[in-house]
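A quick write-up on the structure given underneath.
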Amino acid sequence: MLTYIARRILQGAIVIVLISVGTFVVIRLMPGDPTYLLLGEGEIRITQEQMEAIRARWGLDRPHHEQFFIWAWNLLRGDFGDSLIRKGIPVRQMIFEAIPVTAILNVTSLALALLVAIPAGIIAGVRRNSPFDYSTAVGSTLGVALPNFWLALMLIVLFALYVPRWLGDLPLVGRIPPFGLKSWQGYILPILVLTTEQMAVLTRVMRASTLEVLTQDYVRTAYAKGLPNTIVLVRHAVRNALLPVVTVIGFRIAFILSGTIVVETVFAIPGIGRLFTDSIFRLDYQVVQSLVVVLAVLVVAVNLLTDLTYAIIDPRIRIN
Amino acid sequence: MTAPESTALNQQLTATADRRSEWSQAWRRFRANRIAVGGLVVILLLALMAIFAPFISPYDPIDEIFRGMRGGSPTLAHPFGYDHLGRDLLSRVIFGTRVALLVGLLATGIAVTLGVVIGAVAGYLGSWEDTLISRVIDTLMAFPIIALLVVLAAVLGPSLVTTVVVIGMTGWARFARVVRADIMSLKATDFVTAARAVGVRDWRIIWRHLLPNVMGPIIVLATLGIGGIIILESALSFLGLGIRPPNPSWGGTLSDGRAFILRYPHIAFFPGLMIVITVLAFNFLGDGLRDALDPRERD
Amino acid sequence: MKQKQTLTRRDFLRYSAMTGSAALLVACAPAAPAADGEAAPAAAADEAPAAEMSGPKQGGTMTWVGHQEVAGLSPAFMGPTVHWVMIINIQNPLIAIDEFNQRELVLAKSVDVSADGLTYTFQLHEGVLFHDGTELTADDVVYTYDYYRNPDNGAPIVGSFTGIGSVEAPDKYTVQVNMDNVNAASLASWATVPIVHSAYHAEVGEETYSTSPIGTGPYKLKEWRPAEFTELEAFDDHFRGRPNIDVLREDIVPEPSVRMIALQTGEADSAVWPLLVEDSIFLEEDPGFVNFRTLANSIKHFPLNNSIPQLAEKEVRQALMHALDRQRIIDELWNGAAQVSHSNLTPASPYHHTGLKQYDFDPQEAMALLDGAGWAAGGDGIRAKGDQKLSFTITTITGDQARRPIAELAQLMFADVGVDVQLEEAPVATILQGMREGTMDASLYNWTYGSAVEPDPFSTLHSSGGNNFAQLNNARMDQLIEEGLQVVSYEEREPYYHEIQEIFVEEQPVLNLQFDEWMNVFNARIKGLPEGPKNSSMYQQAYKWWIEE
């Protein structure tokens, strides 16, 4: 088991190196020069020498491989470098300020989603073709079908603008601000949007895998042995049905980024999604590179955990 | 079916079931599922709409600008209202069906094919092939696709082909991962061990015994995928990688209307509604197919 | 500076479409709904004595919304509007250009320019305190100018200081700037750069300074989260008196419709970056809001790369001008809130040339010009000359929802005369590089080619200008620009700038569309706002305002 984990960590390290090289190359393929943004959009009476001085100041005049090794070496020592745009702010600080924001939103919505999705999926699977199954199917299908920035805008228009106008403040919640996380009410809409999608995806997967498992031989055998329904369900069905859900959660970690970009942009939340797109659009190389590596480490770790979870849930998978 | 395990195993091993009757049985099961049939009908209608768009749409979607009608509200003659330049929104939405279906189906096709093949190979063979493929899968899944998309937009120039290929080539990892995990799990079962012992060739085991068993989750993922991809197309339009104007696409029209959501909400509303309807239809169809095709649910 | 001359803050010239002045336009705009007494801006036009406590009230929080993150708070970042509104409230310049395009002395008590235009002498106010309690002296000014004009420090505003030879402090309250070359435009640029606390800046360095600035401004930094908000609090010992409003806050909200909702719900009091024209006009009709319309200096235009074969001939560019129905663009896509541009200089400029050639919408004329230049209509409807198709790409800024429809409409207008235009989107950094280096065909931008006050178009029309998007290389143009900067009096300068405009409309290096009306909306609870401002720089006067619920 230990050697397995060690090997996986090594493999993870390889993935991370591949990703960091890939990102480094890819972002430099993009046409555009961040120096121009440093100068601002303004009317610039600037000479070529002044321009070079700025480039030299930020190390942009060095050969690419040299820039890479400088960055990689610093990264290994825990120094993520400085942002090209937000000068004076270490990239590490930018990233570690943004991560908790995104993490809170996503963990909360994932937890809420699981809380609903697992029981809903199981019941829908067991009581197949019941009214509950149909309404779950329609609800979760709809949840997946809603483009999230559309949903986000609609919710803002509705809850921040019209609801207070029609009804005044909401009971318990009060007034929902249109953007930002200044108060706890600010979390309501972003989490609602994120939860809608997660819940829909997870319910579908849970229902599908419950159905899958219920037709497996060992479940049939268990029923055949005359074991009570609930025991069969919990002991055999649910545990195995959770496998695909674990997979989906595992891969959704990587999707956090794309999922939250829209939500963070619309609700003006300073998380990693916005940091990432802002930095890409401003060619802030240091931030993009480092952020990708941090996320890669996260994803690799989650993947490892997913596989280990598999091994625990499904003892048929031998680790060797 | 309560047949003894050995009979089931026997059935799986010999695999003599008549294909034609299998399909007709599946069709019978599918037909009984009204929601799924409804989904299929909607998709067929959408396909017809895409094919015959020039005959159906009341106005020219690109050149016919109604002066002074920018963002105009729906009327009888223009049931979806006018777009952000003053063109008939209904006509643009009808033509947009083409892009949505093309992108959704082609990209999903690429992703699923790649994903199933690669995942099956990795899961079945194990050893170094698995290790290599798993690392590629991990890398792809850990790499923010958005970054790739933005860069490709800048390097290749946005177009329909770019959109389809990029989404397809980057989207296979999730399918591969699920297939691989399921195959790994199934490989350890008795019927595979037995099949191997009997000397059935590997590809045959994968094709006849393992793949049918993993198609359930794959169909679920793929149907969700089509919808997701249609939605991704709108996200791409927002990032500047979508279909280039003046050609109409739902995603493009939706993001055209995004800034005007307060003044001219219908511009974003109608393409959004079409996206929702289409994604719903594909998902209902997928569920129906799943129920119909699953070989282990015969009664 | 003996003659009455208005100056513009360099920033106006720089950043897209910030400023402008057009009394006539403001007059015909239904500005603040005067019918409703409450909504009309309380009179505080000239010298609203902040010390007088009868009218203005102390307290409260005023929130502004911006569209992009505030990357830093040192003077180096003063370019973009979202930065400038915060920076200028933390730190003060020697001179400001107010919202009426008038010069306003801030830290300087007086300014004296030598007859040869080579020496500028400033007398500073005494007893001006920094936020840490130390007194501002001439050394702080010398340090600030010397630091930011030194190319080795890599400050983006280094270009503002062009022409300065040395900066000296003859005594504690006197600053003398010695120029190497006369530069008629220069006082407006560097004199408006805010002054930093020299000892502190020298100690912590520029990078740390930009995260925690210390200035003499009416507000001091309280909390700063670049992508989220910047919060300032009143500085009790500000030399012009303590500001009325306790807290000044700028929230960063990228989504345009959400900024609008923030204003509508009272979550924000003003949008420092304009809302959609439609949204601004919607609020203008609401008595709860005040909308200021000011004519922009910048032209909304398609910069064309004159060095690519399709666009190298002036006949083609002239034909493109005739193919554009510019009034239609304004009427249908800009709610009429703009003026067709017939010159590179705004009508508000005293140098504006009224006798110029005008390009009316005339597709026939456009086609005749193209035919005459040898661009024959091809079978696919696209004109060509030999193997070269008359086709080019207009790259607009990613997510620029407000301006892109203009490119879409123009695309159709160009198609009518057989010119093929492709539309793409790209991030600003990509466009800036592509247009500056001539690797991109065309874009859609707001940019100044000379402003209401300073007609110099060096950066955009001179062959070595930093923003010569057109890749224009016209010897006569270069000569006129260089010589025009060497003369100071209005009468002497006029011929230069008239000829520049004549060359501009003959060559049409860019396709100039319109001068926008810039709109700044305020919640009517903010009192003390200016009446009939001519540019959008009123945010530097926030210390005079107060809140009345």
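By letter and in written order, the chains are A, B and C; residue numbering begins at 1 in each of them.
The definition used in the following text is that a contact is a pair of C-beta atoms (placed from the backbone, for glycine too) under 8 Å apart; a residue touches a chain by one contact, two chains touch by 3 or more.
A quick note: this is a predicted structure, and the numbers were derived from the prediction, not measured.
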Inquiry  = Comparing the two chain pairs, does B-C have more C-beta contacts than A-C, or is it the other way round?
reply    = A-C
Ask   = Which one chain sits nearest the middle, judging by mean Cα positions?
value = A
Key: Separation of mean Cα positions, chain B and chain A [Å, integer]   = 21
Inquiry  = Report the inter-centroid distance (CA atoms only) between chain A and chain C in whole Å.
reply    = 39
Request  = Find the geometric centre of each of chain B and chain C from their Cα atoms only, then give the gap between the two centres in Å, rounded to an integer.
outcome  = 47
Ask   = What are the residues of chain B that contact at least two other chains?
value = 154, 238, 258, 261-262
Ask   = Which chain A residues touch at least two other chains?
value = 30-32, 153, 157, 280
Query = Which residues does chain C have that touch at least 2 chains other than itself?
reply = 257, 261, 398, 426, 430
Remark   = Within their complex, chain B touches chain A through residues 2, 5, 8, 35, 131, 134-135, 138-139, 141-148, 150-151, 154-155, 173-174, 177-178, 181, 184-185, 188-189, 216-217, 220, 224, 227-228, 231, 234-235, 238, 254, 258, 261-262, 265, 268, 272, 275-277, 279-280, 283-284, 287, 290, 294, 296-297
Inquiry  = Under the definition above, what is the set of chain C residues touching chain B in their complex?
reply    = 256-257, 260-261, 276, 278-279, 282, 328, 331-333, 398-399, 401-402, 404-405, 407-409, 411-412, 422-426, 430
Task = Over in the complex, which chain A residues touch chain B? Could you list them?
result = 11-12, 14-16, 18-19, 22-23, 26-27, 29-32, 134, 137, 141-142, 144-150, 153, 157, 201, 204-205, 208-209, 211-212, 215-217, 220-221, 224, 243-244, 247, 251, 254, 257-258, 261-262, 276-277, 280, 288, 292, 295-296, 299-300, 303, 310, 314, 316-318
Query = Once bound in the complex, which stretches of chain A touch chain C?
reply = 30-34, 36-46, 49-50, 53-54, 56-58, 82-83, 85-89, 97-98, 153, 156-157, 160-161, 164, 177-181, 265-270, 274-275, 278, 280-283
Message = List the residues on chain C that touch chain A in their complex, please.
response = 11, 13-16, 69, 71-72, 76-77, 79-80, 151-154, 156-159, 162, 205-211, 225-229, 251-255, 257-258, 261-262, 264-265, 267, 398, 426-434, 436, 439, 447-448, 458-460, 465-467
